[in-house]
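Below are two complexes that have subunit A in common, paired first with subunit B and then with subunit C.
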Partner chain A sequence: MMYVLKDWIFTTDHKKIGLLYLIGSLAAFALAGCMALLMRAELSAIGPTITTNPNDYNVWLYFHGAAMILGFQIPALTGFLANYLIPLQIGARDVAFPRVNALSVWLFYMGIILALMTFVVPNPPDVMWTGYPPYSVLTPGNTALYTFTVLLLGFASILGGVNFLTTITFMRAPGIGWNQLNVFTWCIYGAFILQLIFVPVLGTAVTMIMLDKYVGTHFFDPSAGGDVLIYQNLFWFYSHPAVYVIFLPFIGIVFDIVATFARNRIFNYKAAIYGGIGGIVLLAGEVWIHHLYVTGMPDWIRVGQMITTLMISVPVGLLFISLVGTLYKGSISFKTPMLYGLSVIFLMLIGGLTGIPLAIVSLDLHVSDTYFIIGHFHYVMAVAGTFSIFGGVYYLYPKFTGRMFNETMGKIGFWLSFIGVNTVFFPMMIVGVTTGMPRRYWDYAQFPAAESYHVVMTAGAAIIAVGFIVILINWIHGMFRGEKAGSNPWGSRSLEWTTTSPPLAHGNWEAVPTIEEGWGPYEYGTRKA
Partner chain B sequence: MHKLGMKGLSLTSSLMGLIAGLMPAIGYANEIADPVKGFDDLWYEVMVDITIIGAIFAFILVYFMFKYRRRSSDDEGSQKPMTVLSAIGWSVIPVFLFIADDLYMAAKGWELYNDYRSVPENSMEIKLESAMWSWDYTYPNGVKTYNELRVPAGTPIVLRMTSRDTLHSHYIPDFRIKEDSMPGRVTYLWFHPKEPGEHVVTCAEYCGLLHSRMAGKIIAMPEDEFTAWYKAEAENLEQNLASN
Partner chain C sequence: MSDHAAHAHGAPTTPWPLVISIGILFFIPLAFMFNFVHHQPFSAVLCLGVGAPLIIMGVIGWVREAIGGAEFPEMRGLGFGAMGWFILAEALIFLPTFATYWIMRLNAPEWPPEGTVDMPSLLPLIMTIILLSSSFTIHYAEEALEKGNVLVFRKLLLATMALGIIFLSMSMYEWNHLFHQNFTISTNIYSSVFFTITGLHASHVIVGLGIFMAILIPALYGTINHVVVRTGSLYWHFVDIIWFFVVSQMYFW
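Let's turn to the complex of A and B:
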């Protein structure tokens, strides 16, 4: 037992590190999900429901937002999926710097532990995941905890960035060219470029807050020559690209799932890679002002950024066409991972298109900071991202456990959560635009018309919870009781399926696969399976 | 406040040679532009636009899912590699369509934005100072009110806003408008209460414990009632000052 534990803690194997990321991020998801249930319970009726202290709500919300983004989605996508898949997809025996990789998973766990301190310190942070000053400086809450959590998780991610950019650039098996990479690999490449450029800015911003609060500097204090908006600029200069750090890997894994289960080529691969992923990386840093539409930004900047923001629809549109086109003349099987893959296209459609009114500055003046935006970003990022992570776990499940999950239970879990999320998040958008109820509200006495919607949403959240319990049982049950999976249960052409399930602990393959002329991860239809 | 001209955008778009014909006609009538109606119209138009785009994609998606479902377990897809020409076509044409739609909507949004930001000349200016957790209004004659803003119906109102402590956002859902109030900066918003009536004011920027209770109201009164109230308040104020 001790030996096994030691083996996992001190491992430098990219697959084990990936699984450590998975376990940690799922724990963060479960806890942050419990916070969501508490919030939904509180909002189920006007007036105090389960707590009379608004500060409780604020702390739940702080933890929910911070843990979902920094503790669950980014680590699950760029920690678990990237670690597990990248070396296997490019035919490498491990990442470039295995020990740095181990360090980054340790930092991640320390970050999670710090985040958990929220529930034990006397004055838990209540600054929301955005941490805007002056509130984050004035509050009695523990802003330092917020700062250090962000710094640790950010540092873990920078290390990951250095590692994966090097790995993908230099460690591809002989014969694999840039145009033969999986879309997922490309997406990770793009995402880590963004992380390396932008995370330091976030680190700076949250450190300045801490200095203002505890050391007495005045970066954000106008009474001493500071400015309150500098923080928001720095914060969103990182955090808008962060949305793409989540978006790229999740759309990448969806591409791989869809191609595998349609057994088909990627439609217009180069447009998706260079136009779609490349376009997003280029545009990511030019749109952050759309988060400051209702602050005192000069009007000309607001209008300029409306145009750049709308332009995001161009690369995203290319990715969409490519994704939908991949089904054309395919041979589509509707196994559980594919249900997640296809549902993400639907969720993205709703989430992406409702971003258009938000980009239009004059429309945003009404819906900004209301429940409309909460509904929008849960569709486009929170739920679509979560569904692709879950799809990815199901997809790789036979590979990392060596066994199959139960297909029927997989489908039940999927449909429960799919129905649940739509019951929660579609009404949110309606409430936002029709009543104008703002976000981050513990109570909403001034919006009586919102109450009946809130009842529906709370019921939806309960359905999601049941769905996730089914999913979790299925995963745990399959690990012990599932049928043995072969090395390639889905009939994929991609390299990760050429090794045994689970792959060899060290080095992944007996001998690194030789790449034949004309090989590609999506070369279907060239011979019968 | 200078108006953001339409010229720059018209230029770009006619250069694209695509949507010049679709540009909305520009022209400011003498009457007060009404952002509320402008919002509702543009919102509706954008909803129609995105519903159409969404429906097209969703239809194709569902059709493919049905048409190309796997018939036997060893089937494979039969998509051919793309020719260079069709790859370019499938990139360039959609890109132009997206850009055209984007610029069209940006132009519409910009036009409406001018209405939101151009304060009518005859408006009444009221100062707002926000604080945790109240809205403090000061009228031109020095009268102060808290969380309740009485205004004459028919007169556009402009708020010059700042804050004593942290960020807040003065949001009036009925007028489709909010703008943050911040320490060390002055921001503004304006609205036009045409009819007598009451409107909710609520805080839309997180400001701590009682953020959700930072609500007030705007009471638009018939002109004469307002004048009577306003004079009486001013007299009260003077008496108070005198008695001190």
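Let's turn to the complex of A and C:
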């Protein structure tokens, strides 16, 4: 027993570290989901329903946003999936710096501990996940807790970025060229370049908030010559690219899932890699102003960034075409992971198309800060991201447990949560456009027309909760009772499926795999000669 | 890693990353919050007292394990390239503080803002020369090591560290001097930026000295990891280059 515990908490093995990330991020997801349920319950009718203190709603909102983005999606994608898959996909025996990898995961857990202190400190943070001044400086809430949560998770991300960029650059098995990498590996490469450039900016910005509040600096204090807009710019300079830090890995895992279950090569591989991923990395840092259209910017800045924002749909479109093209003439089987993969294509389409009006200044001014925004970003980032993480867990499940999950239960869980999310988030967009109800309100007596929609949304949230419980039971049940999975249950050509399930604890393979001439992770014999 | 690797599955383990993480949790967030949020300086000191030994112990244990080189041959020698990526991230920690400074300064109706004292110009010049020469000493230390001249390497490494410590002391002297003139971090926007940026830079000098310490002590016992030396030296050059931005923007503009 002690050995097992020591094996986990002192581990430097990338697979165990990946699973530690998965456990921590699923815990964050469960708590963030509970916060969402509380908010939905509060909004189910006009007037106070489950609390009479509006600040409770603020704290739920803070925890939901911060935990979903910083505690669940980024760690699950760049922590769990990257850790588990990258060394296996490039034929490496571990990451470049296994100890630094362990430091990353434990810093992540320290960040989670700080985030959980939200529920025990006397004045919990109530600053959303954005922490805008002047409110975050003036509130009695504990803004320092927010800052340090961001700093610890951010430091873990930076160390992870350094580690994985070095790993992918220098530790590919002999014979694997850049054009033979899995799309997921490429996406992680792009995502970590973005992390390294943009996370430090967020770290500095939230530190400046904390200095303003507790040490007495005047960065964001207009009465002394500071400027609150500096914070908003710095924050979105990080936080818009953070969307791509989530987007790239999730689209990467969807690529791998779709190619595996369509038994097909990646359509337009090089266009997807160099145009799609490369284009996103290049453009990601030049679009953040679209979050600030209503703050009174000069027009030339707004129009300039409107153009760059619209331009970024070109690389996203390239990735989309590649995904759909990969299905074309494929031999498709609708296993649970594939359902998630295909649903992400659908969710991304809705989320992406609703993003275009938001990029255009003249349209955005009318729906800015309404429920339309919430609907949009939940589709494109929250739901599509979460579904691809769940798809990724199902996809890798036989690899890391060595057993199969229950296919029927997997499908039931998928359809429940898929119906649930559409019941919640589609009405949000309708509410936003038709009633103009603003986001972040704990009550909406001024918008009586929105009430019936809110009832539907709350019902949808309950369906999602049931769906996720089914999924969780399936995962836990399969770990103990599932039938044994072979090394390659999906029949994939990718390198991670050439080792045993689960892979060797130390070194992944008996020896570094040898790569034959002309090998590729998607060579299903369908490429035209 | 090797001495821990012997049991059941043969999977490598090490306790030090976990120890350091717990140390960091106490040393920075908890100590800060007890002092500044809850105004309990005694608890804050307690947290520092728990955190500091954990971090130091963790770093020592880590260095002892790692200084001999990585476990698999393909992992060796990657530190230098990784430091390049890390420096990219480090540079972007500084960028927002400078950007904030530029925006506030260019939008200010008058500069320097009320309450600013006369900034010294001789002291920062001397500090620049000291830090610059430390970049030279570490470079020649590296060269001596390449030639196999360990004695000269050790001496030049010590000289570099001494210059770093002198630099820090002068920085502290200057801060103290400014405090006595009632120019503190909360005086005005200039002082906010000044103390934040110089403090941020000083913290990087401290980290650099920590890296050199982790090279020096094993070197005294005869273990020198060339990659770590090159990596630490690269970091030091970066800290030096950042100083040029700090000194030119903070004192001479």
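The working rule: the second predicted complex is superposed on the first by the 525 of 529 C-alpha atoms of A that agree within 3 Å, B and C clash if a C-alpha of one lies under 4 Å from a C-alpha of the other, contacts with A are read in each partner's own complex, and residues count from 1 in each chain.
Operating definition for what follows: contacts are C-beta pairs under 8 Å (C-beta built on N, C-alpha and C of every residue); 3 or more make two chains touch, one makes a residue touch a chain.
These numbers were taken from a predicted model, which means no experiment stands behind them.
Legend: residue contacts after superposition of the two complexes on their common chain; A:F72 is shown touching neither subunit B nor subunit C. Subunit A is touched at more residues by one of its partners, and among subunit B and subunit C that partner is B.
By the document's definition of touching, of the two partners only subunit B reaches A:R265; subunit C does not. Residue contacts after overlaying the shared chain place A:A505 against subunit C, while subunit B stays out of touching range. Shared-chain residue A:D227: touches subunit B and subunit C both.
Shared-chain residue A:L138: touches subunit B; no touch with subunit C. When the two structures are aligned on the shared chain, A:Y394 is found in touch with neither subunit B nor subunit C.
By the document's definition of touching, of the two partners only subunit C reaches A:T12; subunit B does not.
In the superposition on chain A, A:W288 makes contact with neither subunit B nor subunit C.
Once the two complexes are laid over each other on the shared chain, residue contacts for A:L318 go to subunit B alone; subunit C is not touched. On subunit A, the surface patch touched by subunit B in one complex and by subunit C in the other comprises residues 226-227. Put simply, subunit C touches subunit A in their complex at residues 1, 4-5, 7-18, 20-22, 24-25, 28-29, 32-33, 36-37, 62, 65-66, 71-72, 74-75, 78-79, 81-82, 85-86, 88-90, 92-97, 99-100, 103-104, 107-108, 113, 184-186, 188-189, 192-193, 195-196. Within the complex formed with subunit C, the subunit A residues making contact are 3, 6-7, 9-13, 16, 92-94, 96-100, 102-103, 105-107, 109-110, 113-114, 142, 144-145, 148, 151-152, 158, 161-163, 165-166, 169-171, 196-201, 203-205, 208, 211, 214-219, 224-227, 230, 234, 505-507, 512.
Touching subunit A in their complex are the following residues of subunit B: 1, 4, 9, 35, 38-39, 42-43, 46-47, 49-50, 53-54, 57-58, 60-61, 64-65, 68-71, 74-82, 87, 90-91, 94-95, 98-99, 101-103, 105-106, 108-110, 112-113, 115-117, 165-167, 169, 171, 173, 176-180, 182-187, 200, 202-213, 215. Taken together, the subunit A residues at the contact with subunit B in this complex read 54-55, 58, 126, 128, 132-135, 138-139, 222-223, 226-229, 262-265, 267-268, 270-271, 275, 294-296, 299-300, 302-303, 306-307, 310-311, 313-314, 317-318, 320-321, 324-334, 342, 345-346, 349-350, 353-354, 356-357, 360-363, 365-366, 368-370, 433, 435-436, 438-447, 524-525, 528-529.
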